[in-house]
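Which chain is which? They are A, B, C and D, in the order written, and residues in each are numbered from 1.
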Amino acid sequence: MKQAISLEDAIALIPDGASVMVGGFMGVGAPRRLIRALAAAGRKNLTLITNDTAIPGEGPGPLISGGCVARLITSHIGKNPEAQAQMLSGQIEVELVPQGTLVERIRAAGVGLGGVLTQTGLGTLVEDGKQVVKIDGQRWLLETPIQADFALIRARRCDYVGNLEYTLTAHNFNPIMAMAGATVIAEPDEIVPLGVIPPDAVKTPGLLVDHVLRRAC
Amino acid sequence: MKQAISLEDAIALIPDGASVMVGGFMGVGAPRRLIRALAAAGRKNLTLITNDTAIPGEGPGPLISGGCVARLITSHIGKNPEAQAQMLSGQIEVELVPQGTLVERIRAAGVGLGGVLTQTGLGTLVEDGKQVVKIDGQRWLLETPIQADFALIRARRCDYVGNLEYTLTAHNFNPIMAMAGATVIAEPDEIVPLGVIPPDAVKTPGLLVDHVLRRAC
Amino acid sequence: MDAKELIARRVAQEIPAGAIVNLGIGLPSMVANYLPVDLGVFFQAENGVIGLGARPPEGMEDINLTDAGGGFVSAVPGAAAIDSAMSFGLIRGRHLDITVLGGMQVDARGRLANWMVPGQMVAGMGGAMDLVVGAKQVIVAMAHANKGVSKIVPDCTLPITAPRRVSLIVTELAVIRPEDDGLHLIETAPGVTVDDVRAATEADLIVTGDVPEMRM
Amino acid sequence: MDAKELIARRVAQEIPAGAIVNLGIGLPSMVANYLPVDLGVFFQAENGVIGLGARPPEGMEDINLTDAGGGFVSAVPGAAAIDSAMSFGLIRGRHLDITVLGGMQVDARGRLANWMVPGQMVAGMGGAMDLVVGAKQVIVAMAHANKGVSKIVPDCTLPITAPRRVSLIVTELAVIRPEDDGLHLIETAPGVTVDDVRAATEADLIVTGDVPEMRM
């Protein structure tokens, strides 16, 4: 059983320099309250792992705008001119990762695999500097696991065990990142009593979740 | 949209010598009707891929009892004396695979990965004859993907798009095998109209399912 | 009919009944407008929905149901919501029939470049590399030229998205099919001649017999 | 108290509040009987349930809710049903606190063998290899000897389950902790002397000072 914690207490867990995974796709399904509070707290030197940087102000946008991010692992920054500018100026070191590879690298860390063997990226710039493994004569690109100190997870509903439900296109990276953060903080829209979420509807078992963010009001 | 097919028509799709994945764990969540009809049809020389051989008569038991299986890829045969006897007599060639490795190998085939890099099996008999990949100085066992000509999938509910729902411990290998069969045949307890299964409850999207078995009566 | 509509309409002809189709953001997403509703095509958006439907009426949008560009959409009966691991598992595992993508360049070997211009525009590849590697068919829907410069080139000068040969290129001037021996011009747009296409194309085109006009 | 109950009760003492615990089939599954209900422990069964509860009353069983041995169980409030990829993802990704497994042999290096006897009994490893590799703590709960032959041996003669050193061995005679320098005898069963344990154990045991008796 988990006590829900305040936004203040949740943010206090995350120090400068931490690596932080943030769910969401173009801002949909992003943990907005945690992101905004983290940016408002002026955290610096974060490693941000997220599918995309959305547009300024949305999704992880406030962390970019706030100058909180030193390193960014993502598949797309094309809709966020601030992220592009900070990359070109060298303020943020950016690793661009194909989206399917990104989600599998995160999953690999979460489920204890040594890496991901994929065709995606072979024969492109993505291959540069990486190990290639030959299996039955075919070449496969070896992509390494990505884990993080923290995973910030947006969920539709949560119970006090920490079981999470997601909805529609707000699933995206959330269920996968919930496996790969050393400390997982869930930001549910709603917290419900034990037994309300049926076992078959649970997509992230509560044992993966360390902290549940208290409701906004 | 898919027309539900008869048990006879489903079985007619599967020839002698085919490789067949069968969901279930100790018989729970196994596609019983398909298994029994396949055994009754006297199929021979099948490659059977399944978590365990349950007890005789349960799960994939009838395929073992019926002498249908020439090759077996599984994690456990300890509760089925017939499977053990056929292995010791050489009638069935058995590849024993750690359960977590088995499910990841099937998933790898389903999602287009080149293999699985795992610690499980390293330093044991399971390592024999297999490729080991060094990543940052650490050894990882490379396990190859497993796909099959057919995957026989037990589901709780299905709609006419082929979307599948599962329940409780009848999930097990079913959602994973549904990604790795060249032809996927679903055996649902119930077929419901389009729109009855909410999008968030779908665990196997219908595009993975080729055929839906008509209800028993 | 403007160029974009022409391209979208022509791409729509390539999509068979019951296909599972991913449409990229922008021009490719227009293809959905030109398919018969009874064709039974399911649209997948890589952000996690299979069975994407039209934008709902004003006031009926759901902030948790969008396409990969973040635009509001609906879900058709029989839709499924999935996470990114399943979404890209479907793409990379060859479960998707067709992807329609925009392009910056396609070269004589049929290789697509569509994710970055070194030193200038660095968007990131998003799901494009996975889609080009994993979809059973890859259709490139794009303008034939950019500011007068042909986008169909002998050899990509931009970083490629994947070494795979794409299935088809549809522009406002032509339909081109990359094959082992090069780029085959298989159709011209209404009122456009083979010579017009050749003149607008930096790469060599292979022409066999009469080239039919697109049937719109 | 019989040997199995003693072992199960002693193992139960190792399980802290709120732990996520996998119990093997047979003797290990008895451990659940000796835990305070308010301890907040969640039991995981590798066939796909977290929050496994007691066998339901006759007539209230669900054929789709069993433990890994196929026996009927219930689900506690807050339980989750998961597929095998998630189940073993949790196990292999080090999300499980403790696994309690039976054993055929454990050797001086703390290596467990519990999945086959070459030429005779070939059960298969099921989930055992994954559990030994992946669980944060591995507790072996087993009889000290099999037909008078010690199961705690200098070097496993049976194929090992994993090269990992297990965390603890609990038998009806003793509690033994494998360390870098060998097997430490840390407790004896009620009424059992250190010499009794040594006599019943083929492997060397390290004894430091007085060895306390299990507190039951």
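One rule holds in what follows: a residue touches a chain if its C-beta (ideal position, glycine included) is under 8 Å from a C-beta of that chain, and two chains touch if they have at least 3 such contacts.
Keep in mind it's a predicted model, so treat the numbers as computed, not measured.
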Relative to chain B, chain with the most remote C-alpha centre: C
B-C compared against B-D, more contacting pairs: B-D
Geometric centre distance via CA averages, chain D-chain C, whole Å: 55
Intercentroid distance (Cα basis), chain B paired with chain A, Å: 32
Inter-centroid spacing, chain C versus chain B (mean Cα positions, whole Å): 35
Mean-CA-position distance for chain D and chain B (Å): 29
Multi-partner residues of chain D (at least 2 other chains): 49, 75, 81-82, 85, 88-89, 92, 134
Overlap residues in chain B, where contacts from two or more other chains coincide: 104, 107, 111-113, 118-119, 166-168, 199-200
Category of the chain touch graph - line, ring, star, complete, other: other
Each pair of chains that touches, named by its two labels: A-B, A-C, A-D, B-C, B-D
Contact set on chain C toward chain A in their complex: 45-49, 62-66, 68-70, 75, 81-85, 87-89, 91-92, 121-130, 133-134, 159-163
Complex interface listing, chain A residues touching chain D: 1, 107, 109-113, 159-161, 163, 179, 194-195, 199-200, 202, 205-208
Chain A-touching residues of chain D, taken from the complex the two chains share: 18, 20, 40, 42, 44, 49-51, 75, 77-82, 85-86, 88-90, 92-96, 134
Chain A to chain B touching residues, read off their complex: 104, 108, 111-119, 131, 133, 135-136, 138, 140, 142, 144, 165-168, 199-201
For the chain A and chain C complex, residues of the former touching the latter: 25-29, 51-52, 54-55, 74-79, 84, 87-88, 94, 96, 98-101, 103-104, 107, 118-126, 156, 166-176, 203
